[in-house]
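First subunit A sits with subunit B, and in the next complex the same chain sits with subunit C.
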Partner chain A sequence: MSSSPLPPPLQQQRHPGYEEERLRRVAEQLPCREVQAGMLLSLMGEPQQYSLPCIFIYGHRASGKSYVVNVLLKELELPHATISCAECITAALLFEQVLLALFGGDAAATLPRYPSLSDFVRIYRHHRSRAPAEQTRYIVLEKAELLRDMDANLLSVLVRLQELVEDNLTVLLLSELVWDTFRPNTGCLEPLPLHFPDYTKAELHQILSRDRHPSYSADLYASYIHILLGIFYAVCRDLRELRHLAALNFTKFCEPVTEGKAKESDTHKLWRNIEPHLKKAMQTVYLREVSSLEWEKMQQVETETGPLRGLSAHTHVELPFYSKFLLIAAYLASYNPARTDKRFFVKHHGKIKKTKFLKKNEKTSNHLLGPKPFPLDRLLAIFYSVVDSRVAPTASIFSQISSLVTLQLLTQVSHVDQLDAPKYKCAVSMDFICAVSRTVNFDIIKYLYDFL
Partner chain B sequence: GCFVFKPNTKKKKTSSLSLDHFTHGCKGAETSDIRFRLFHDLWNKTKTDIEQDELNKKVLDSLLDFTRKCSITRQHSNWASQMRASEIPTAALMLVNVPDHDMTFQSLSELLQQSVTPHVVSVQAKECAALKHLMKRVLERLMDTLVAAADDEEEEEIEAAALQQSDTPVHRSVHCSLSVLCEWYNTQTKRSSPSKDQYPPVVIIFKDLEAFNQKVLQDFILICRYVERLPLMFIFGIATSPSTIQHMLPHSVSSLLCIELFQSLSCTHHLATVIDKLILTPKFPFKLSGKVMQVLISLFLYHDFSVRNFIKGLALLEHFHSQPLSVLCCKKKEALRNLAQLSHGDLERIRQLPSFTEVCHKLIKDLCKYHKNYYPMLRCLHALTSSLPRYPLGKQIRELHLICLEKNVWETEDYQSAMKLLMLAKDELIALLQKCTEILQPIKSKMMKSAFVQLEDMLNKFKQLDNESRRSKKQSPYENLRSDVLEFIDNLVSHLPPPESQTLNEVCYYSSSSSVRRHLNATPRTSIQAALSSPYYYLPNESLQTDDGSVSNAAPDICIVHKLHLECGRLINLYDWMQAYSTVVSAAEGNDPDSDNFGKVDDVKARFIRAVSELEFLGFIKSTKQKTDHVARLTWGGC
Partner chain C sequence: MDVPYPAKSFQSRVIMSKRKAKGASKPIGECISQLQKCLRERLCHNRIPSQLEASEAQHKHLLGLLQRTANNGESNSVLIIGPRGSGKTALLKCVLRDLLQEKEVQKNLLQVHLNGLLQTDDRIALKEITRQLNLENVVGDKVFGSFAENLVFLLEALKKGDRSTTRPVLFVLDEFDLFAHHKNQTLLYNLLDVSQSAQAPVAVVGLTCRLDVLELLEKRVKSRFSHRQIHLLSTLSFTQYLEQVASQLSLPDDFPDREFALDWNSSMRRFCEDKSVEGILQRHFNSSKDFCSLHMLLMLCLSRISTVNPTIKPADILEASRLCFSDAKSNMLHGLSILELCLVIAMKHLNDVYEGEPFNFQMVHNEFKKFLQRKSSSVYNFEQPVVMKAFEHLQQLELIRPVDGSSAKTQREYQLMNLALDSSQIIEALHKYPQCPTDIKQWGMSAFG
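Right, the complex of A and B next:
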């Protein structure tokens, strides 16, 4: 990449084969990405020239990867297919979309029911010979990391597709991960990596200031963005998210101006007004504790009715009586060593030497190590000893266990097919189980080995 | 919240239940048709009462508002909404118990279809193991809803399309992407009349969020993000707590959603309403005895939190089926009419005695009167005692009801202590009495009317009393009046005798708690054991019948093997076991134990091995690593 601190504007770089006018339009749409766009254009070469078989573009979320590529391809009117790999749940869908975008519906219809890679290559070559490429064709694959989970050799084929279909074709892979995590263990052609660095604070400011509100001055909006970045830049550099937050809070920022309490130039006053508000937004709406709709509603109503109740404030879970005890028993089974069960749950357990019982390194470590798996028998044995009343082992007791599993309060460790002695783990936190046992008057701390 | 997943009942049993089935094996078959009709009416009434679902009305209404608002804001385009990231509106609907979810979601999607959008689809976790399946379900159902809702004119076209689809299922599976859905949606909106809401949202309901595979859900939401042309909307059904969403979805995904929370009523609240509607009312003629009620309530609280199971447990069918006199279990007028129509057997003769008819008339009337007085009184007593410290007579009205069903409430210790606690200060007592009068006011029965008048009277007296100094040792007028009131209440409470004391209570009350328990709370192990130890119970074959409870040697192999294994200790030697088995079987087939072939026949071995593995599958034995040719017993006891 260019090492010069100030890259020349895109239209001043030399990119023969493309119209000046179009390059200018592209440059206008791509602020702060001149270097990358220029680099990409140089790699692409003139439209009719062959380009690299594959370019791998990577960078963090919202660093403009897809945007740059799409603007370039659209504005310069190059033949291309843009496909999100998230949407392609099968490779067949991917092939179909490529053919559809490059050769039209007829080509896509000739694909067999379950197309293999060679079917795809065959059909592509067939259509390529009918309509040879006058310009480089591009296949853009967004979220390319998902290709790794598809057919084993799909990725290595796509990397050298140019060679296989003998066409002027370039595959652009877009991902948030580095190429190292892609390399299949059979090895494959290395694509050219192209990194999109994160936007700097100044760049973010420049980009965000561009979407100013039509009825306010650009300066006001720029100063608003400055304040916003001052607060949010430390936690969030995602352009998309920042733009969203800016839109949500702008009306609040303008309130003193619209009400006539302050002038647009009164920056300090405006800052004092918005700052606590933005801090609150960081704890709530940014974390999606409060939805954007509710947030806007709250701004309109403007009543300080205590702290906000976000999503995670609701932790209370209603469970039937025996389910609570099953959960308690599961927690005990997960966090107590099995050999201590006798001490806790047998009434006349005889003498157990305290020194022998409390092994030094075992103590206090169980909660740090996390839940351990336990068999169903142990769960039931503990359950029957912690429940006061006599409980018949009916079907509904067992179905409550599976209900707890579906509610993700327990997890089944053994395979689902294993009917004989299934194993579970308890997946709830200490606070949760304490709250549950308080509702049934069960002192769980007394039964936990770690707290003895 | 929770609980207990039961497989979807194939069709409502009652709707397919015909009169023939009902009459078959029915006691007192003469009146069976009337009873069947009564049962049917009552059952339908139950269903409509519950399904009207006024409980969740508030939540559902606000949810509908939310969907409407979302679809409106989407169509507006001002600066803020352009700049805002396109979030998918999502309603997190907190529901307490899973088995009743279906009912709620059913009514929710109906409501949505009626008033907001025709495009509603609901999916369950178990049908969506992979992203592919989820997509397929969503697409299929959305398009199918359309088919069902289409007009007659379009039907031909759709049929043709369906034919095409069945001819080329290829394209159905290949085109399983949201872009297809987009196209479909665009043609839909173009076709629909432009007058009303032009872009109705597409609502996807995830019935049980917790059970969904996290990966599948995340991927699906990520895909939906790309489809900006489609006004999607999600509804998540959550049974635990809303923080589940945060556990399941990372920030990158949850930032695509605009989540709003909707909390439905707690399930105990739901139960209270159902009890109020179906049990604590004289309008519903069918009654439950204390024991049955106890079983149902404990099932609810201890096991499943399912209102649907509670209603199932009402045992209506069984009562009408097995109790010939249940023909009188209906409203007063109808009961009297039915009484006159009894025209067979003993009842015929009884009826012809004029004196008895008279008595019957009176008895039925009494029973009705009893119920008319019972419930208002119960409510009054509850109003008076439910706020006392430590709740001597229970906090919920159902607890008081249970006490009253069992014995004479005024004889219990709890009642005495409650009455002592009622010696309250003036203001509190007046407030309580006020509540009582409110309860009694609308009741039409004679006795309650007079009680109401008396109570009013006393209330007025209370209000006229001045706040005198209470220093004097003599009883103040207030204290006098208070003891009067308490005496009056005590008198009234004597109208709360348990129903068993009433003649003809069998007509209305269902008291077989054990059968309810058997129906609802299955005990698979007991039934397996019963089947193995007395196969005649399930296989009515004469040769299996034995007198002493032992297993006949003609029984199925597994029964014999089970019987033999009961005689063993913790570890069972397989060879000995097989020897014993072949002795029994050979004896049954009449073979001579001394012959050479004895016990060596291959098919006897094979049968034995099969029976043993069946036992293992049922969980009676398991293989052990201690001794290779032994298996371990997993049950105790035996011969």
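Right, the complex of A and C next:
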């Protein structure tokens, strides 16, 4: 039991009705979130008093919304029902969980098979009259943005549930999005918006330092977090991701110390050791290209066996010879305008006036707009001119086109019914096609209109 | 956010209750507790006030109507129309409370309360009517041919002892416009039919927030409706609004501690007369006159009251007003990472140059790369997948939204999007952004990308 004073927003004088000891435990578990917790507690008031019908808590991911609410409700032992809307694919599951948490199993069992909102409110009122609330009941709905897509009236009913069931009840909606996206057409009761601001860099440092490894000093861990934040803070401020990255890379950071090559105070050496490692982590583990298990295994192996194969590397399939040329032809057909085909693919095209090919403003660069659809005939025409040898138009060529569609390297744009004039689009990136054309010694850049 | 209060040595509530036995007046902790309880019931739970000053005429009209149904057996239908938060439910509850003071009415009148949000189907509505009239046993397992038969059966079953006339029934339909979306509007048709055909004394009161509700009704339903409408458009002037604020914050006469109540009421009067407070209330009055937003503002002030801070000061209402008017999207922009902020600025420039036409990821990335190439920027040149992840995060936050269209066939990088932010919001966010590098700030503020 620590004897440190409670932070001002959580002092017992501000929140009569809750014991000091419990408030102290709450304060210990919520670093950097005392102001928000204090605000929420003051809105909740004493347990037997009424509170607002609905409070809308919003903030970025991992800004502590569910955590603060859950800690408050559990430590202060208030009757509550915490439901994640991601688990409730139908409204019936939501009703069942609410009744189960607030009134017990037999209340949930009285719900009919396909309960409507009317049934839910009726059963709630019935049980409320049998067990009236001495303390405010709380219904906490996490990921509340999913409520918008559920039953049409569900959100409107939930924000005014206190009035409909005539009970001392408060609904807390937690979400990452702002309330403007939730509002129904004809309006509804406006909840009180409560913002949970993002953590500052210093606060992130403070929270991440709490996870320190017991066998190393706090200073070492603090300098490690400092380095980690220096690299990742510009890209990601999500506390969960940063904790994950911190946990994965700490052993690598401590390697020089454990092997005796450096002391704990040699920050520069440790930094030089870990910095390329963290940069690689940004391209792999951060992007979930590699799982954390593979990452840890990789760290134990000293020598590198080549570039790290992430998930995206597996999309580079080995294609047969003509398929490669078909793909190249498709790329050229997608990204070159049809009128320029003559210039690129006909041997003696004569003099073409330069004015026709003046680049206009950058927006018309096809690489910014995306691939355009092309008919099959154009694809074959380009294909025959790109492939050096004479190719007979056999079924094997056409079946290769279908297999490219199955591999999702081409997408079929026209309707499946249209058999005589199918249209396709090329769905590969510039890097991929450059890699493919290098394997067949084809200089694709020369044939692209945007790079003239 | 929270102003630090000086540490005063007020007793905690546990010690308070021991002191209670000493003096005649209650200790301050308990007074504050009672105050909170009373005001919270008024502001959060919408306890019915003793009289509604703003809608005297409407009150009289509705009360007269319902009295005629209850006493004289006359059937009536009326619609109460007003925007959200204008006091429709409060008016109805007030009228019902006054109506039920007569003993005869209390004995005879039956009430059925339906809500368009809950009873989404006519079948469900009928079951609810049966249940509220306590006729479930009477109906039993009977199967009815049509809705009308069912309803007539229910009303017949309500005949009084001497079988001469049916008891008067009051049907209250909350969210009336939602009932108009049911199939064939059967419920509305039958209820209004009964109210016209003098079979049983029935009063149908509908509450709705839509002014055009009559357009939603079918012709046969509209013809059976009496076209009686009570409008609750708020005609409050600013002085009346101020009086409302003062009356909402003052304690009633039956408060346990008279002295405390008098002190409190006089301090509230002084508070409402303060110039800065008037200015804040004027701002709220200009944006919306309804009671819901007023209650939210007062609730935020009330939540700060405790033994440490036993009265509402102008600073409290200033803080509460700031919370009410804060822009949610700007708050969210504050928490974006530098990379995401750069992408938002790139999108702003694309919108400026191409006048709001939708963009895709490649265009945004291209714009961002142009910024990186320009001067020695402080932002590292991230790889494309990392930038894509930042872009997708912005999409998850619904700051950018895909244009309607077939998104299945286009690649992720080329899907067209629109930005759901205004230039002014972005510029304001840049000012408030913590430790924003100067070159990014300048890039954002400049007019030409």
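Note that in this section the second predicted complex is superposed on the first by the 304 of 452 C-alpha atoms of A that agree within 3 Å, B and C clash if a C-alpha of one lies under 4 Å from a C-alpha of the other, contacts with A are read in each partner's own complex, and residues count from 1 in each chain.
By definition in this document, contacts are C-beta pairs under 8 Å (C-beta built on N, C-alpha and C of every residue); 3 or more make two chains touch, one makes a residue touch a chain.
If you're wondering where the values come from, they're calculated on a predicted model, not measured in any experiment.
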Most subunit A residues touched (candidates subunit B, subunit C): C
First, second, both or neither for A:Ala234, with subunit B first and subunit C second: second
Subunit B versus subunit C as contact partner of A:Gly187, first or second or both or neither: second
Which superposed partner A:Thr200 touches (first subunit B, second subunit C, both, neither): second
Partner chain in contact with A:Leu287 - subunit B first, subunit C second, else both or neither: both
Which superposed partner A:Asn441 touches (first subunit B, second subunit C, both, neither): neither
Which superposed partner A:Ala92 touches (first subunit B, second subunit C, both, neither): first
Footprint overlap on subunit A, comparing subunit B with subunit C: 287, 312
Of subunit C, residues touching subunit A in the complex: 1-2, 4-5, 10, 12-13, 29, 32-33, 36-37, 40-41, 44-46, 84, 89, 115, 117-121, 124, 127-128, 131, 177-178, 209-210, 292-293, 296, 299-300, 303-304, 306-309, 326, 328-329, 331-332, 334-339, 354, 360, 362-363, 366, 379-380, 382-383, 385-386, 389-390, 396-398, 409-411, 413-414, 434-435
List of subunit B residues in touch with subunit A within their complex: 1-6, 69-70, 73, 79-85, 87, 89-90, 92, 94, 96, 98, 125, 131-132, 135, 170, 173-174, 176-179, 208, 210-211, 219, 222-223, 226, 239-247, 251-252, 254-255, 257-261, 263, 266-267, 299-305, 521-525, 617, 619, 622
Residues of subunit A that touch subunit C when the two form their complex: 8-9, 11-17, 20, 35, 38-39, 42-43, 45-46, 48-53, 58-60, 63, 116-118, 121-122, 152-153, 156-157, 162-164, 176-181, 186-190, 192-193, 195, 197-198, 200-201, 233-237, 282-283, 286-287, 289, 312, 362-363, 367-371, 411, 413, 425, 427, 429
Complex interface listing, subunit A residues touching subunit B: 61, 84, 86-90, 92-93, 96, 111, 113, 143, 211, 213-214, 240-241, 243-244, 246-248, 250-251, 287-288, 291-294, 311-312, 314-323, 392-397, 399-400, 402-404, 406-409, 419-420
